[in-house]
Amino acid sequence: MKTTIFAIGLMAATGAAAPAFADKLDDIIGSGTLRCAVVLDFPPMGSRDADNNPIGFDVDYCNDLAAALGVEAEIVETTFPERIPALMSNRVDVAVASTSDTLERAKTVGFSIPYYAFENAVVANEGVEMATWEDMKGKTVGATAGTYEAIWLEEQVTTWGEGEFRPYQNQADVFLALSQGQLDATVSTVEVAEANVASGNFPGLRIVDKAPMVPDYVGLITLREEYGLINYMDLFINQQVRTGRYAELYAKWVGEGEPADLTIPGVYR
Amino acid sequence: MFNYNFRWAQALDSLPRMLEGALITLEVALLSMVIGICIAMVLTMFRLSGSRILSAIATTWVEIARNTPALFQIYMVHFGLGSFGIHLSPYLSLLIGIAFNNAGYLAENFRGALKGIPDTQTRSARSLGMTPVQSFRYVVMPQMLRISFLPMTNQMVWAILMTSLGTVVAMNTDLYGVTSDLNARTFRTFELFAIAAVIFYVITKTVTLSARLLAARLFRY
Amino acid sequence: MFDTALTTNDLIFLAKGAGMTLIVTAISVFFGTILGVIFGVFRYQVGPWWAAPLTFVLDIFRSIPLLIQLVLANAFITTVLGIRVSGFTIACGVLSLYTAAYCAEIVRGGIEAVPSTLRRAARSLGMTWRQDMTSVTMPLAARIALPSWIGLALGVMKDSALVYVVQVVELLKSAQILITRLQEPLFLLMICGLFYFLISFPVARFGGYLEKKWSND
């Protein structure tokens, strides 16, 4: 008798409580749209085509994730400094925005396993004499505010104790300032540097050297407590690599060669 | 469903840096006002000079400053001049951008103030043997500054608020720049900007109150 | 310089941005004015003591950079309270209150400029407060306030350039997006500046004309 009442009570409790525990994964599937924050001044990861529609590696990645979930993808453009606030303010569900998995950020948002890894390069104005990355010492350098490379570069400038660091609000302004000669050098991902130099949009730029940083592993991000969704994204990334889609996207957007290795030897995730 | 955890302690740790930023903000605003007032005087004299070219220059300046967004003006100073090879640091770009805006608005205020000063005063000053410059300097200008003291105070408040636009030209030492830099690292958006808002409020209130006290002393007769 | 890669599509894209600027401005000025008139009349009517809390709140909107107001409102509503609203709504809400704060000052100034003897005369003719307000005070106050109000509306249009922080793509932001792709900063910024100027300048001149015309009689 007692057990029956208990069982009914339990069923009622779980029944009543169940909708309240619907997590973001359910919300996305229920709403039929996946809203991705993508940075669109960051070719080849994100940019706009001649009709100003979003294109790029991250855009395709978001579309693939939406397709896997069986929903429509909605691309929401954000700047680098704005992508985490956009997530926190529930303006987007996930950010497919080349977000470096720093421990500081992990205090606020939840990261998936890495879906891409960047190496960083030093890009300089042709008018500036530079042979190695250390020649940036004492120069005016800049990067996009809030990015992995900006934080690294600002620390370097502080350690050197000379020169000036300028954080611009977006990647385009950095390259604009660089080609105008307002900046002597910047640090950006090799992919972005090559795409911008090759585009011919910014005359007078050249890639000087690789920046001596640990490869910049980037993950998909969502809210910290959305384990269901994070789990799903982990498996999704694994499947992208397994099925060869990762290599396919790499060839489409980045070019020839071996796509970056997403595993770190000697340690579990 | 979303439970926000405030982390005020973490944000308050940054208070010293933000207060340093507030000093820079005040410095930029004050300098931009000084420059703005000087240029506005020159523009006002251009308009009074009777020369077509000079008054056209003044009118163009005033109308562009008043009819386009300040954000646009600051961006143009940095990247617009930059494409002509004139490179200004973020600090200078912001300062010049705000000074440009200030000058436009203040010149218009001065013009309004001049309307309140009868022509007869200048004429009597001239007939007392003063040169045109002297009569402007000793008769018209003091009255003009007095009439436009309140609009000048308002412009100072706007100058303080406009410093927040410096981030578009990579300014990172003023109050807004420091705050958004901290935000990019820690993402405590609400806490950090709430503190910045309080600091801005205190600054603007202090400025308006001291302007009121100053006015009471200067114009008591 | 005029050899540009700008296509018709890009112009449409810019025009959409301009449309967004105008919509945000129109909505904010509309609601801001209604609120501003209510606040202004209230402040005048109850006297400085009772209106102090309202005065304080409105003062905040005039003492903090709009950029911070937008960021804070966005963070508070969507992150702290966890309510799902669009950036457009937040932009319009903040700009409306911002407009209202300035508009209340203009309205109060307008009412105060109506000579109190005139109002007393109206009341002694047997008019009620409402009649005095609608048939005597408001028409006169509106005349005094209109030029400043036009200035305010234009100010809001220019300030709406800041709503990009809550992901609303307005004119200046769409120009920036095109600059990213086309790398013609000067040309695109000129177009953008010209647009603001072409809207703002004639209206501002009209305001100046009204001020001149009405101040002489």
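Think of it as A, B and C in the order they're written, each chain with its own count starting at 1.
The working rule: a residue touches a chain if its C-beta (ideal position, glycine included) is under 8 Å from a C-beta of that chain, and two chains touch if they have at least 3 such contacts.
Everything numeric here is computed off the predicted structure, so don't read it as measured data.
Q: By label order, what chains touch chain A and chain B together?
A: Touching chain A as well as chain B, we find C.
Q: Using the touch rule from the top, point out the two chains with the most contacting C-beta pairs.
A: Per-pair contact counts point to B-C as the maximum.
Q: Return the chain whose centre of C-alpha atoms lies at maximal distance from the corresponding centre of chain C.
A: Comparing chain centres, A lies farthest from chain C.
Q: Hey, how far is the Cα centre of chain A from the one of chain B, in Å?
A: Taking the average C-alpha coordinate of chain A and of chain B, the gap between them is 38 Å.
Q: Approximately how many whole Å separate the CA-defined centres of chain B and chain C?
A: Comparing mean C-alpha positions, chain C is 20 Å from chain B.
Q: Approximately how many whole Å separate the CA-defined centres of chain A and chain C?
A: 37
Q: In chain B, which residues are in touch with two or more of the other chains?
A: Residue numbers touching two or more other chains: 1-2, 79, 83, 189.
Q: Can you list the chain C residues in contact with two or more other chains?
A: In chain C, residues 75, 79, 82, 185 touch at least two other chains, as defined above.
Q: Can you pull out the residues of chain A that are in contact with at least two other chains?
A: Each of 85, 88, 90, 176 in chain A touches at least two other chains.
Q: Looking at the complex, which residues from chain A come into contact with chain C?
A: Within the complex, chain A contacts chain C at residues 40-41, 47-48, 50-52, 76-78, 82, 85-86, 88-91, 170-172, 176, 201-202.
Q: Please output the residues of chain B touching chain A within their complex, sorted ascending.
A: Residue positions touching the partner: 1-2, 78-79, 82-83, 85, 87, 89-90, 167-168, 170, 172, 180-181, 183-187, 189.
Q: Which chain C residues qualify as touching chain B in the complex?
A: Chain C residues touching chain B: 60, 62-69, 71-72, 75-76, 79-82, 154, 158-159, 161-162, 172, 185-186, 189, 192-193, 196-197, 200-201, 204.
Q: In their complex, what parts of chain A are in touch with chain B?
A: 20, 81, 84-85, 88, 90, 104-105, 107-109, 142, 145-146, 150-151, 164-169, 173, 176-177, 180-182, 223
Q: Looking at the complex, which residues from chain C come into contact with chain A?
A: On the chain C side, the touching residues are 7, 9-10, 13, 74-75, 77-79, 82, 84, 86-87, 165, 167, 169, 176-183, 185.
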